[in-house]
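Once you scroll down, you'll see the structures, which are given as structure tokens.
Heads up, the next two complexes both have chain A, just with different partners, chain B and then chain C.
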Partner chain A sequence: MSFKTRTGTSHTGQPASVQQAPPGAAPADVIHNIGYRHYDGPRLGRAYARRSLFSQSLRGAYGLGRSAKSKVLPMLLLAVMCLPAGILVAVAVATDTDELPVEYTRYAIILQAVIGLFVASQAPQSVSRDLRFKTVPLYFSRPIETADYVAAKFAAMASAVFMLTAVPVAILYVGALLGKLDFVDQTKGFAQGMVSVALLSLLFSGIGLVIAALTPRRGFGVAAVIAVLTISYGAVSTMQAIADEQASTGSIEWLGLFSPITLIDGIGSAFLGATSAAPGQYGPDASTGIVYLLVLAALVAGSYALLIRRYRKVGL
Partner chain B sequence: MGGTTVEDVTVIATEGLSKRFPRVTALDRLSLDIAPGVTGLVGANGAGKSTLIKILLGLSPASEGKAAVLGLDVATEGGAIRERVGYMPEHDCLPPDVSATEFVVHMARMSGLPPSAARERTADTLRHVGLYEERYRPIGGYSTGMKQRVKLAQALVHDPQLVLLDEPTNGLDPVGRDEMLGLIRRVHTDFGISVLVTSHLLGELERTCDHVVVIDGGALLRSSSTDDFTQATASIAVEVTDSDAYADGTAALRETLEKAGLAVATAEREADGSPASGRVLFVEVTGDPTYDTVRDAVAGLGLGLVRMEQRRHRIAEVFRNDPGQPNEAAPPPDPTSQPQPQVQHQHQPQEGGSGDVV
Partner chain C sequence: MYNPTVARLTYRALLGRRRALILCTLPALLIVISIAIRLMTGADDETADSILGGFALSVMVPLIGVIAGTGAIGPEIDDGSVVYLLAKPVKRPTIIVTKLFVAVGVTMAFSAIPTLIAGLILNGNSQGIAGAYTSAAAMASIAYSAIFLLLGTITRHAVVAGLVYALVWESVFGTYVSGARQLSVQQWALAAAEKIGQGDLITSDVGLPVAVVLLVGVTVAATWYAGQKLRSLTLAGEE
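Now for the complex of A and B:
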């Protein structure tokens, strides 16, 4: 066992024994209260601390390790994400079709409001809380550095969103296989769907965390994330509809760059065989798709850099 | 304590340490050698205490000079230092919706302790700081005193060799303050962990510390052993009633004692910085006969003796010429210190300080 002395538990007790302090820890002739035990087991250092923060944040995104109340919303959203997938699978199996009613890549796009709500509620939970209750300086008094904190929080948020979006896609896939749909087709579609939701997770978490990290007030964070996601989507889809109306279809694919969800949708239709959700299905082709990819990469990297910059300032 | 301070070890050593911000010099060529034990770091707000702690944790590079904590260089071995050092911030730092146990376990893991050890150490540490059943309840419902204990527990949970406590008695009532000071004393005597504790209240530290360092405007004002100046100048506090013969018993006694050749004073400040009663006389003890003289004088005047107790000189009195008057956030103007930096401190009370989260 890792503890030096295991005898005695009295915490009020008199200094009843004289013991040697661990080497190098304190002078050798310190009189210890018998109730205090020194720890000389392993100290796992920075990488372990980063992993601990990651797992705590990931669990926290679903309310695990927090109050019962804080489990309600994330679990409810996860259920809402999965329920339509279950219904679709049931319908597909019952009607004996040869393909699922919804593409794998399309599923997350259809349920984007749920994903948006999840990010809006959990990103502030993850970072605004630490700012508001000033726990951040405490973290930086530990072996981790700014980059470790940001990386752990980013990875945890992205993993949480990925779980939310990947589970229903996996349900669709399992259901499709149970319904004896074509294995090769379904596996290809499933893989494309996974890539699409992985990119979506990175993008949404990045945007959500940057906005949430700006304010210690959780309410503001929630409102701001919802606003950014819905307003950008609303504006882009309205302009796309107008462009479609006026038959200037060439601009539709470029407009799609300006909201997170149409960006993901565009990458899906350019590279992942998805049917575009843009009006008239004027999604980007492969060459415009490169621009989409670049914008996505810039947004993800940019939000990481912004987070690092933010936490440089709020450290201890 | 005697056994530890004679050791030829330093837990904190700084040499010509300076930290300059664009408009403020937070630390000005500070050289310190702090031995194991409980060391008090005293200074008014803005004196550079928080800046020093930040540098010692390896979180902020010094403008010049060097510093070592536990023999590790702060500039290059910050991570190793933070693994062996505990830190209790001045400000609130506890999320209200988790229990003390969950929070401290998490912080133990953040310090590198494996999960099982983190849980075991958390249970031990919370017990040592005096949190029992309440540790399973959310922190939001705790009193200030309990929150301070949780903050102390998270600083101790990884069994550091040194803890840095930033204003641990802030916001506590007198009883809570006494308990916290006792706990800090035990951190060293019972746990064998060295302590650097900051405060702007001098009187508070003399009960707890082996050694007191006073800084002002980022420069070292004084560094001495607590015993050095408190024991050498012992005095007794005497308080008497008035009687019909003497409407002001205190003044009458003072006169009598001064006639008998004793040095008598009234205190301006109590230990905790509150203004002292003018009715308490402090008589300097020159030897055992002093007690007899006081007793006889009181009896001779026919006054009632309310109290007569042995009292060590307050650090505040020893540093009377220093600007750190205990109960003031900002020191009164002092001819010996440069007024310029102090004015700036008042405009920006915690430049670069902890917890300036916007």
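Now for the complex of A and C:
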């Protein structure tokens, strides 16, 4: 960038007073007009900034637009999620059965470790680095508010997890249709599966982002998210197994409230016609299922509120 | 081979400020669960076995191992402050061995001791279950710390890699592919627990001599290689 290109324009003014100053006297202070112009194009505003943040975060969750190294893990996890679906479909088509070996609602529950790893690795990627490099104030110097930042990050993370969980379910569905399984049955199951993974995406991304937003250190964020997800599941499933052994089966459905994946599983078995993954299949019925739904709604809304609270003060 | 200053710094990086409290929540949860179950069902050896084997040894020990093992060196490499340590006239293998000592100590303190307490609460060391799982947790702590410390020097995504090993390899693969169980720290530790505990509740897929050889071999090899990695460490910027 050089000034020479600008001297030809009509904007270049000549400061006449400089030449007329008497020799010896201090030159008067002047402001040279060197031809800077205002930006008078369209201003895209808040909604555009929010949309850009959303798409950047969503792409970032799969490593798109980042280095090749950071694409490896999310793509690998996506492949690991899809591979069993492909195998199941192939088996179902080859053996000519009349139903898939795994329910649509059950698929994500079985592969919960993969989903947990995805959330644990990508949620800190999405928020911790902004905190660590103190770029959050830069976002807020744009015309976006705290709620826009949080909503964009939350929506992006939830969409990323939804893609991870919905693609294999869609593979199962397409495969089932290609294998000429009953269309009405499969469509119903597919719709139920989609609702289930949508709820799972909201819940997991909410929990993941809240924990990740607490620490600027990516490593600690990853460990903390996975600890919350697996420890709660480990504790709940162990307690459920013991309750099943002790034949106090009434407590199994209530224990399921205390870990994210059993919560989703419970909602599935209460409302979406899934077979419960709880020991002895003592999942909640519709009346207990209401409590499950309320807890889920409270967790999602609570994590959104906590994020808003976290970013109200951060770095400013 | 042991440098008290490095040890003090590592110890403070791991347990400084609120981190000790956060690390405490896992053992606290184990003990709370044990108390709840003891009150609900009374002392029962099978229950004790399923809590200590299914939760303490298979979930808690690896997780604390990941946090302590990678946390001993990972953050320093990540933010570049490790150069100040490497610039000092301390041998790189000494740094690694010191950090390993601290990581093993922290992992043992936060996993083996709570396992012992939980075992005593659950069935008062009947059939030696509490003692067996405590020594298993202690042995696993050593191997996990060494492996995850090595991961911390190899990759910037050490925590994720460590978790993949601890969760996906040991629990998912271990359940379906029996060969994977031969190469699992958890099973090596269980082999020791099987020998120590009376009765036949605790079982392992690996024989004790093989387990001990593998455990020691992996620990020594991982520590040696981590020292070599630290000698030729290149600091990369944030991607």
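We take it that the second predicted complex is superposed on the first by the 276 of 316 C-alpha atoms of A that agree within 3 Å, B and C clash if a C-alpha of one lies under 4 Å from a C-alpha of the other, contacts with A are read in each partner's own complex, and residues count from 1 in each chain.
Please note the rule applied: a residue touches a chain if its C-beta (ideal position, glycine included) is under 8 Å from a C-beta of that chain, and two chains touch if they have at least 3 such contacts.
Here the structure is a predicted model, which means the values were calculated and not measured.
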| item | value |
| --- | --- |
| Touched partner set for A:Q56, first chain B, second chain C, both or neither | first |
| Partner contacting more residues of chain A (chain B vs chain C) | B |
| First (chain B), second (chain C), both or neither touched by A:A286 | neither |
| Which superposed partner A:L138 touches (first chain B, second chain C, both, neither) | first |
| Touched partner set for A:A227, first chain B, second chain C, both or neither | second |
| Chain B versus chain C as contact partner of A:R66, first or second or both or neither | both |
| Partner chain in contact with A:G219 - chain B first, chain C second, else both or neither | second |
| Shared chain A surface residues [contacts with chain B and with chain C] | 66-67, 70, 129, 133 |
| In the complex with chain B, residue positions of chain A that touch it | 2-3, 11, 15, 21, 25-27, 29-33, 35-46, 48-49, 52-53, 56, 65-67, 70, 129-145, 216, 314-316 |
| Residues of chain C touching chain A in the complex | 22, 26, 29, 33, 36-37, 40-41, 46-47, 50-51, 54-55, 58-60, 63, 66-67, 70-71, 74-75, 78, 157-160, 163-164, 167-168, 171-172, 238-239 |
| Sites on chain B touched by chain A in the complex | 3-4, 7, 9, 36, 54, 57, 59-60, 79-80, 82-83, 85, 87, 89, 91-98, 102, 106-107, 109-114, 117, 120-121, 124, 127-128, 138, 154, 158-159, 161, 186, 189-194, 354-358 |
| Of all residues in chain A, those that touch chain C in their complex | 66-67, 69-70, 73, 113-114, 116-117, 120-121, 129, 133, 217-220, 222-224, 226-227, 230-231, 234-235, 238-239, 241-242, 245-246, 248 |
